[in-house]
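Note sheet for the following structure.
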């Protein structure tokens, strides 16, 4: 046996592997790692592993902030596929493509597999012992670091990990928790706060007969796309609701609208006031708003509105009459209406329509109030990035931790974030892959992916009650030198508060204890252990918490008229619409092959960035598809391929976000451009958030041209074939359908 | 292979054909015929089905260059059409069409395959036998929907850098270069459900098994099931939409939405689409 | 009585045919017209006729081959299809007639040609060893008459050939 | 004065023979042997140059194929709707070329057109070799060529058979039948000549030809069997040739794709095949005539007759082409009409128009006697016609993929890669190589049949001189002696 180079052990390994990778064997692709633990489970399976049978474990998808309950299909100790968890009210058993890609994050070939430390200009691998020793040295109790000199940047956060982060900051006596999301809902929250008194009301699309959406891409990128998609499906069933979308660039939601209206970016509020003006002429609505507001609104007659917004005047009355006819309705605002200097005002003006129509309480009401404020979600904001950037720039910070955010990539270049970060003596990144931010850090710690990790999550949009979605590992950790973020945080907390946390050797035990503490809230009667396992197996803790009351009164002061600078800047004549792709968001998952190859729904472009430009504008400038255009703002220039796209306002150009990575991995690096870099320093006045849609650009055609790689063929219509047939809504008899 | 067999069963061989419920030639009628109903009005074009298909069926990620060359392997693709009468803006949105193998009853691909690598299964699927395929690509040439995807490259050696192969679904083979592949209605799931049902002396229940795209679809726009079972949801929907699997031209009211794509070519597809609705008054 | 061979070569084809005509009429003892073999560089149907009825059977091979190919082909194809029930082809019966006819037709021709050629080899007795009296000039421009006859008749035949201006007369002994 | 039919016949013959003497009837038979056998002798330098060039071209194709075999069909730059490309187009081209040999040897044989005799041998060789080339393309085209034997109906323990409904299986069967039958036909017709070679060869070549000539002695019995066999096989070959290209046409015609699903495709393909074959014969005629100094046998009147035949077939092809266009244009098939418009205006338009020009306009030059008798002009025209016919096959295959039924998958990028071009070029190298080897190993002019031709011409002349001769054609084949 030994002569042939195979011993019994290897033979068994091959046998064990054979079953699962038979498919690969035939293709010469088999990868037998000698002595690897991956081989063993098949020979002597671990508990719950039945070779050949797949088991579904409930967990939570952390690919975006919606916290959908998911199930991981596990076979032979490997997680293979994500499915929706039917017990989750958020996902309803469904899942989006971004969630599917969680397994590609897990098995990503470019994952960071061991701690790295900055040596010279490059990162060098170090052991965990060395890494933790360094951490202790720099921020440990003996380092003498003060609270104000330390900052912890995270992405949007919720659950018990957030508690640990908070506790760690507390132990340092630091208040510098910067929860940063590049695409945060903060402006909308601020507007909602003004109108309803809550951050986020609950939206009942299924109850509405008409949705008028001002740039809200709720099907693609909103608060909870999978949940809203299910609501949308109900909304489209008999009696079929009508969707009107008003936005500068067609989003996926706009593509599904019955009526899509192109509008100059930033003037959505004016349009809403124009509609309000028309509505207030109906006697039923005259007393719904304070007289002061009514008189303010009255100056927005259709002609004026049309002049400002670029929308045909008759459409103002048309939308108003739709709202008049179809009740109950719901009017929502989204990113493209909110991302302006007057974003909150825009959103408030839009929400005014709900108030006039009396939708509050019918299609809009309060979310359930979570009984556990300490684990409540922190949605993140841009202003925290700004605050941290200022602190760094002022040289106040001695050490920063960064987790769940990639600010070097997403911070606009005018902030000089990279340079400011370099001023900080000690930077630590907790990452899955060595992204742009990690490249700048002194210590880069590889943490477990979401499918290897325990955790708890609460979404900031809760469809029904409060749903705490539990995260449990769907498989053993793939790389021995990666660590749980929870464990690291616990270790860090123990640096200073060892006594308080001595009962919990690891994050698992901490989480378990914390979850069991919630038992009373769910009125669970069995033992603690049962509660824990029930929670894990169902994946969700559902709490029937009472709804928050939302404000019904609309203070006159709440509405200040949107100031629209509809001034043409001859140097920068175009509005830049940095569009959020539904599977890319801020670009953190750009290194997944599936997502790169998943065509953009509207342009069907893959593996690239592009600039959408209206065919008419393009024709006037002599631009053809594939021509490289120089899109220049005050803060930078991008060279992007043109794609002629009819669903965009002729005065706007749109570049999708999420691409243009320099250091994320083989699938993302060098693909496309990053429009974050050219954003102008335009800030929302009330919140200080970055006005994403406030940038003006110039467009210059270059002589370069390259073919646009897309799924679409040379024609974009059906060429007379009966492929997608459209039936007028008044002919269809949906109520008779099954 | 004997002449007696031929003579004795001549009328059987001449008359029995794999449609009209005669998939299993040894039975009078078949127990299963998988079919779909796809509501285009609630399909949002979000591509969740496509990604789910990549995950379930070990579809390779081909990369930008090969995608450009049309060598992409998406078994289900979302097509986006603009209205032909569009003036300036697509005021009624876009038309999304998820297009996968239509599992035609009289499949144009089946008859032309020189080696019989694609054929009808007993439950009415249009199957693709990878081992038998020699890569003549005639099936794709004759497919009206162009939903067959050929392995132009040896994807197993390039598409999954380690450790991505760990994600591959062991129930589905990885296809090497030179063979044709296409949507199977997730036949691995169907077979598992069928054998599970058989061990329990019953038929597969409605909704017990669905393909990956159906399972993922956030709006539940796709309904899948056994159309032989009159109580299945899909059978009811087909009946309700007045689409008959075995008719090439449907006689139906103009208010119902069901139709099948390129029906006039008479492939008898097993996927019924339901017309997209637009509120023309909006 | 011993028999021997003799080859007479002619350049003038008319003379050669006259020689055969005369031989046929001569009724020599120990000689039969059936033992005359004509060897020529090109085919001479008119002279062959003089030699009497020497039937060719190739066409019967052809008939057999074609019928066998057609019937056998169809039987083979349809019975193969009848055993290949596992993989029915959408919408078509197990044994579809029109496509099978195409293949039947091809096999009809295939076997027709093959068996015809087989018949040719049998009929022409090919491959065979060359006769020892074969002369290469026969393949060039001369016509040869190979005669098998009793030794007693040989001189008379030789005489006849000489009379008809045979270019050369090669006997078995002369080599 | 012509008073009787007989007199008229004689007058016609006189005019025919004396005005257009397609071969000298006083040519010595030994001279024929000498001239033809000379072509088998040690070749000239030019031969080697061309041979090496062909071999190099073939090796280019082989390396491309090895690369494609190793890497996958993707290197051919085929893509998912556009799954067929030049391989299939060139495959049809070579199959088409093969029809010329059958036309000359079988059809004209039965029609007693004996001017074919000096040129049919190489035409038949062309048939065989172009079929062998076409067969290569079937292999090259397959994604998994190592499994090609699945197409063969061989008995196996799994009881699996090829799908007899598939036109590709018909193709395989038809091509196999045609290839073997035409090889047999070529060989049988060559046996008397092989005997001549045997009689004139020495050394190992003598044993080679002895083996191949099977002991042919030219006996009356052999000739009688030979005559019947040759005629019978010729009778089989004609419908076979027609069926082969009809079946290749059904590859397209039985499919549902626009631009392919056309009833007139089988005759159209057959006409195109004869057309390109005839043009190829003219090319090779001129080359052989020059290289082997066959001026005595491949005479100008024969070239002229071939040219006239080509012209006639070109017009048949043009007619069928127009039938295809007009039936599509006036038909009610949206897809087919769109595909036709695409051919004329889309990405392939330059090639499509060039194909129509070369195939339908250029042959009109053959209407002029001066051009027909101008050898350089004929060489150029014949090559142009074949370029046109090659384009035709490409224009049948590719535009349908690029603009088929389903608009979403209309092609982004259909230009064939260098690998495809390399393999196409390699096929010409392969064919050249085989053909050159053939010409050096086997007599490329049928000696015995030229002799027959000379013999019958001399008979006819004698007959016209004494005014008693009846129809010479009957004398040639019909077995009626004067």
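Letters A, B, C and D mark the chains in the order given here, with residues in each chain numbered from 1 onward.
To be clear about the criterion, a residue touches a chain if its C-beta (ideal position, glycine included) is under 8 Å from a C-beta of that chain, and two chains touch if they have at least 3 such contacts.
In this text, all values refer to a predicted model and were calculated from it rather than measured experimentally.
Between the contact lists of chain A and chain C, the overlap consists of B, D. Set against the C-alpha centre of chain D, every other chain centre is closer than that of A.
Of all chain pairs, the one linked by the largest number of contacting C-beta pairs is A-B. Among the chains in view, B has its Cα centre nearest the centre of the complete protein Cα set. Distance between chain centres (mean CA atoms), chain A to chain B: 33 Å. Taking each chain's centre as the mean of its C-alpha atoms, chain C lies 29 Å from chain D. Separation between the centroids of chain B and chain C, computed from CA atoms only, is 62 Å.
Computed from the mean C-alpha positions, the centre of chain A lies at a distance of 67 Å from the centre of chain D. Multi-chain contact residues, meaning those touching two or more other chains, occur in chain D at positions 159-161, 163, 165-166, 169, 405-406, 408-409, 411-413. In chain A, the residues touching two or more other chains are 707, 711-712, 717-721, 723. For chain C, residues touching at least two other chains, in rising order: 80-81, 83-84, 87, 89, 92.
By the definition of touch given earlier, these chain pairs are in contact: A-B, A-D, B-C, B-D, C-D. Across the complex, chain C meets chain B through its residues 75, 78-95, 97.
Across the interface of their complex, chain B is touched by residues 19-24, 26-29, 31, 38, 75-76, 78-84, 93-97, 100-101, 103-104, 106-109, 219-220, 225-226, 229-230, 232-233, 236-237, 240, 242-245, 250, 252-262, 322, 478, 582-583, 593-599, 601-602, 604, 606-608, 614, 616, 646-647, 650, 666-667, 671, 707, 709, 711-712, 716-734, 736-738 of chain A.
By the touch criterion stated above, chain D contacts chain B in their complex at residues 71-74, 77-84, 141-145, 147-148, 150-151, 159-163, 165-169, 172, 251, 254-257, 401, 404-406, 408-409, 411-413. Put simply, chain B touches chain D in their complex at residues 1, 66, 68-72, 77, 79, 81, 97, 99, 108, 111-116, 132-138, 140-142, 144-146, 148-154, 177-180, 262, 265. Within the complex, the chain B residues that touch chain C are 1-3, 5-6, 9-10, 12-19, 23, 25-26, 104-111, 116, 119-120, 126, 129, 267-268.
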